[in-house]
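Once you scroll down, you'll see the structures, which are given as structure tokens.
Each of the next two complexes has chain A plus one other chain: chain B in the first, chain C in the second.
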Partner chain A sequence: MAEFTLRLRRFDPESGEGAYWEQHTVQLEEHHSVLEGILQAKAHTDGSIGIRCSCRAAICGSCGVRINGEPGLACNTHLDHAREASIQAGSDGVIVVEPMGNMPVIKDLIVDMDAVHWKKIRRVTPWLINRQPVPEREYIVERESMVDVTQTMACIQCGACVSDCLSMEVDPGFIGPAALAKAYRFVGDPRDDQHFERLNDLADDPLGIYDCTHCFKCVQACPKEVNPMGQIMRLRRLAGSDHDIEDPNNGRRHEQAFTTLVRGYGLLHEAELLPRSYGGDSWFGKFHPAAGKELLASLPVVLKGLIRGKVNPKTAAFGHKLPKPALDAVRAIFDRVEGKGHSTRAERHELNLYVTGYDEDEPDGHAHEGAAPTPGRQGDQQ
Partner chain B sequence: MKVAYWPGCVSRGFTPELHGSMAKVAPLLDIELVELDRANCCGAGVIAEHNQELADTLNARTFALAQGVDGAQMMMNICSTCQGAQGECQERLDANAEYREHVNETLAGEGLSYEKGLTNKNFLWLLVEEIGLDELSARVKRPLTDLRVGPFYGCYIVRPRHRLGIDASTPRDHYLERVIDALGGTVTEYAGARKCCGFPIITMNKEASLKQAGRHLGDAIEAQADCLVTPCPLCHLNLDMQQPLAEGIVGRKLGMPVLHLPQLVGLALGLKPAELGLGRHIVKPTAVIDWTSAVVASAA
Partner chain C sequence: MPSHDVLIIGAGLAGQRAALAAAQQGANVAVMSKVHPVRSHSVAAAGGINAAIDPTDDWRSHAYDTVKGSDYLGDQDAIEVMCSEAPEEVMHLEHIGVTFHRNDRGELDLRAFGGASMNRTAYVADITGQAILHVLYEQLLKHSGQVDRFEEWFVTGLVADDDGRCCGAVARDVRTGRIEAFSAKNVILACGGAGQAYYPTTNGLIVTGDGIALAYRLGAPLMDMEMVQYHPTTLVENGLLITEGARGEGAILLNSDGERFMERYAPNKRELASRDVVSRAEQTEILEGRGVGANKDGIYLDITQVPRKRILEALREIVNVGRDFAGVDITTEPIMIRPGQHYIMGGVKTDVDGATPIEGLYAAGEVACVSVHGGNRLGANSLLDTLIFGRRAGEHAAKRAAAMAMPTVGHSHLRDQEAMIAQILARPTGGRRVSAIKAELGATMNKHVAVYRDAEGLNTALETVKRLREEAATAHIDDRGTVFNQDVLGAIELDYMIDCAEATVVGAIERTESRGAQFRTDYPDRNDEEWIKHIELRRGDDGPDISYSDVTFTQWQPEVRTY
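So, the complex of A and B:
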């Protein structure tokens, strides 16, 4: 038995008072969970502590909270790990528990999932749509295509990714990581016959797939390795490459311009990327009215950059290019991987480590010093 | 130490002062830079969004070129985004021998082949793990006394932790604070240090993008930072180059200088602000920080 101190964020809207911190000391085994700590404080000290929970086995997704500032499941976080994380962060070993972010607090550690999370899930039509006649017996589906959607099916709707989403922090209307991962669950399902409609809707919406800021917060937050940001990138890939969906948010144009420029130069030609993202993926893109408007808005900064020698006029105008033999090699890679046109889903070789795992010779610890893949990552949640 | 050096695209395009300052700082730390001048863009996550295998193959090419540098101990980059985007591709390449072989077949045309297990470190990681903070401190000629510095990491170099090799024994997401401290500066804590600068959506949702940049810069002002420091040139674009536009979005005057990591290190190692290209920034650090009393005075 060991002693742990929990610092809980308390808030009761009916009291008329603001939120405040309250400390509780609990006696539990080290491997017990933060949830058990909260429940002991509730049982022994203060029955009014609000916490939502059910299964206590990381299945139901009810007890999403922030522990030492990181989102996670209270039932899936060991007390000793949480204390260690607090000490590592330069704190006093006290375990800080707060309600999740990006959602209104109902009471103490309970947030309003209906107002944000569930509303966004409903936004993506989270059920299978198939207008074809129902087969006489079961649907026959390729095994691979169902394996492909298992990652998104692993979502337990805990809201941890929503809690930490940085796009949502500045743009609360963003459909968000959980709902978009759910959208892939149906876009990736061969039984659903509304793939184009779904993708078109999510690409067209300024708060849809192109509003993700690529911050990896949801990837880090998810206790089930759903990789919501990865699913959003797959939605973008399908919308742009497979369905040729032109969106009003410059999403596809940006991706195309970036890829075309790297094929053409081997390096990124930044000065061309901006006008092409707005005006279209060609040298003439900059003369499109949408690009002109943006260039005009950027003019003061561009001029200042030129005057201060930040931007070399030659680099700005012509970009920087790899020497010819290297550039030819880069272009040969593009041709071999993509063929002449852009590739479709069936032609693309896409490795998903969630499905394939790591080679057996991969050691458990750091494989190499630079960027070390380690299979399984429950410990990351501490 | 000798490293295969990948400067990235932006450090040679819109933030040339980053590439230039790294070249000046390296000899002061006994780092020999062998520039990978035939290597290609990492794709910044955008090419992977378009076609994963294409991004993996392009980066495998860069890794193979790095492995071909005679006597280099590792590959070094100066861009958080390169670190993250390359790390993601390397994770797949290293995880699966069959896939690696498939990718290497494409590289064979150029006579290249990537062998599993490359070490690729951002300058920040190399400073702490290879050079060491004690050694860095010992080389400081002009401690950044009284300079209040806010760290700004960039998403790609702090998340996801397992892929970036961040854990309790390797707290790479706290290295900037340690480096600022080793250089004699004062770490300024503020909310935005590990948040997103907004750059990836600048062309798709400009308001949300610049709201992020503006908010973090504002938070740093509230925390009384003199400047920010970042290992990411793409963050620098949104935080410095776009700062005048961000001011309009968040409706307040900002004027927060943002230094590239090699610039901050260079100042402490005795280089002059002009040599490090500080005058090239949109928000000139020289106009905001009183260098005569804060830094330069202690040079004697």
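So, the complex of A and C:
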């Protein structure tokens, strides 16, 4: 038994008062969960503490909260890990629990998921539109395809990724990580008939797949390894490379410009990126009328950069290229990931661990997911 | 007042399936749940769903396995309905989008499961329940035009008209505290079991026997309530579930001698004997001193037999559970488990269309007792039960609705329920805490009404439950608010659980034999002469009134049960 202090964010909508902090001390085993801590406080001290919870096993998705500022599930966060995180963040070892972000708070740790999360889920036409004809028995599909979509099926709709999505914070209309992961569940499903229509819709929407800024927050937040950002990237790849969808958001052209430049120089050639993104992926892109307008608009930023010495006129104009061996190494990465010579989808390197599995030679295949069990740990718990 | 042809209470697999089936028939449907539908405890069902879809399989074989698994207490007509309709239902799920895993030919893959004579369990990794639940919810969103959803509404009472027909319910909006009457031509209960009457349990905190108690209070009979399933593999640490799929994929059980002891108890099926058999074997090993761990109260489940890549693909969820809740990497070391409360075979008595003896009231899923599970449920038959009988109840209720006028719920019912809640809110402080009463209830049930039972323990349990019922009437609550007042709902749920627990104990005392999940150390033999019959319980003035009903036999006569 150890003693832990929880600092809970309380809010009573009926009081007319604002939110406030309240501390509770609980006695529990170190590996018990933050949820068990909250439930102990609720059971022994104050039954009015509001938190949704049910399964206690990270499968029902009810108990999404922020712990020490990080989104996650209260039920699968250990008290000792949470205390450690608090200390490492320079705090006093008190475990801080708040409601999730990006959603209105109803009471204490309970947020209004309907107002944000579920509304966005409904935005992506979240049901299968069957490929015709529907067979009498099951659809015959590749074994891997169903394992693949199981990764997004594994989403428990807890909202942790929505809570800390930076794009959504700036742009509340962004469809967001959870709903776009849900969209992949249909786009990746060979039984769905509307892959092109779904992708076109999501590429076309200014708040769709190209509104993600690759901040990785959702990847970190997800307690089920759904990898929402990875699914968004896969949607882009399918939209751009496989369906040749040109979007009004310049998303595809921007990506093409980005990869062309990195393949060519080994590094990003910033001065070329914008003109190519808007005018087309070649040196002549900057002379396209669409690019001219954007370039004109960004002139003040460019000038400011030059004046402050952030941009060197020479490298801005001609770019900087890596030496040959390093450049070859970068190009080898392209060949590996895209399949040599941008060929078919089948040869493309698939970045989905659900399909490829962990490397067998890795001594601890999921060490990256958090603390690996220490030897003798089990004995400690008995 | 909201009025519907079919009002469904509970939005797990049975409830959502019923809603979709009733809507398909053209009925005007509402589905109501105290939590958001995807939080329903069906989400935790892991291993899969049984159906004889292999061309070399036959639904009769599935039915026979189920009859044998039930220890000949299941009604064979109902079992035939469930097993013969299973393949079509699984194909339906596949067509609406469930991502069932495939074999190398691209067809549905089938895994081995307990008590089954061949591989017939379709699955989605080890998140089958979650996958089906989420896909049904996708369909509910698709059919929003026909199905009204009342998410986070808590039902406080069912309503019957003067002729005793069920005609609606009264519910509280959890988010606002508003209480409202709902009139309905038919009510389908689909709100799951009562696992929280036990501690520990694999069941979620929301599984508090609401539907069983609601029906019981309206006068419906409960059946087979003594039959409580202990799952063979729950974490010693906290009672969480490790799927039977692990043993289906090849995991084995070991005692402190490192012995694969199931070879002694079930020489043919070993770890894949039916659940009551495996749980009893484990409990015997523990009682005889061959348990593992510091308290010698566990058994090792060794999954390292299964190739690592297969574990990560097909048993990913329990890798997470092992890591997060027991600090064990199941791909490299065994994990400590023991039998734990998991499922109740009993429930509200229904026919094969989900109809209870009360007109207008249906039940489907764990809340119901058709009875297809009898004394012991086979793994991967519960998902099937929810879907088959959820669909049948939805269809039947919709057809009944088409031929009748909309009833109205009198305002007095609404006022009664408002008064009930006001009375809880006005309770003086100083009573025992709801949490303390619940903890004692759970511990009592797990001690005396578990794998092994006897008259002395059961009578102790009955006395305790009766005392707890009195204490619950004045249990202390802290929250006097209206928005998300979980304290008030907790007090109501406590009463629901006590109703269920009392019925379970009374049934267990009454059945003086050992069959299925009920093992009486004072009556260790199965007694086919006297006890091939269901125990039915109706609410009486001082606890349940007991009666009996026949078990339906069609083609399988009782045999000695070995695995």
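The rule is short, and it goes like this: the second predicted complex is superposed on the first by the 312 of 382 C-alpha atoms of A that agree within 3 Å, B and C clash if a C-alpha of one lies under 4 Å from a C-alpha of the other, contacts with A are read in each partner's own complex, and residues count from 1 in each chain.
Simple rule for what comes next: a residue touches a chain if its C-beta (ideal position, glycine included) is under 8 Å from a C-beta of that chain, and two chains touch if they have at least 3 such contacts.
Because the structure is predicted, anything quoted here is derived from the model rather than measured.
Contact with neither chain B nor chain C is seen for A:321 once the two complexes are overlaid on the shared chain.
By the touch criterion stated above, A:14 is placed in contact with chain C alone, chain B being left untouched.
Residue contacts after overlaying the shared chain place A:305 against chain B, while chain C stays out of touching range. In the superposition on chain A, A:293 makes contact with neither chain B nor chain C.
Of the two partner chains, chain C is the only one that A:76 touches; chain B does not reach it. In the overlay built on the shared chain, the residue A:126 is in contact with chain C alone; chain B does not reach it. Applying the stated contact rule after C-alpha superposition, one finds that A:141 touches chain C and leaves chain B untouched. Shared interface residues of chain A (contacting chain B in one complex, chain C in the other): 357-358, 366, 369-370, 372-374, 377, 379-380. By the touch criterion given at the top, residues 35-36, 38-41, 43-44, 53, 91, 94-97, 99-109, 124-125, 127, 130-131, 134-135, 138-139, 141-142, 151, 175, 204-206, 236-238, 240-241, 293-295, 298, 308-309, 312-313, 316-317, 319-321, 323-329, 331, 333, 336, 433-436, 477-479, 481-487, 490 of chain C touch chain A in their complex. By the touch rule above, chain A contacts chain C in their complex via residues 12-14, 31, 42-44, 46-48, 50, 52-62, 76, 78, 106-108, 110, 113-114, 121-122, 126-128, 130, 134, 136-143, 145-147, 149-150, 153-154, 156-157, 185, 189, 191, 224, 354, 357-358, 360, 365-366, 369-370, 372-374, 377-382. Chain B makes touch with chain A in their complex at residues 9-10, 12-17, 37-41, 43-54, 56-58, 61, 74-75, 83-84, 86-87, 90-92, 94-97, 99, 102, 106-107, 109-110, 117-121, 125, 129, 155-156, 159-165, 167-168, 171, 195-196, 198, 200-201, 203-205, 207-209, 211-212, 215, 241-242, 244-245, 279-282, 284. Within the complex formed with chain B, the residues of chain A that make contact are 84, 88, 166-167, 169-171, 174, 206, 210-217, 219-220, 233, 236-237, 240-241, 249-251, 254-256, 258-259, 262, 266-271, 273-274, 277-278, 297, 300-301, 304-305, 308-312, 315, 319-320, 322-323, 325-326, 329-330, 332-334, 336-338, 342-343, 348-351, 353, 356-359, 362, 366-374, 377, 379-380.
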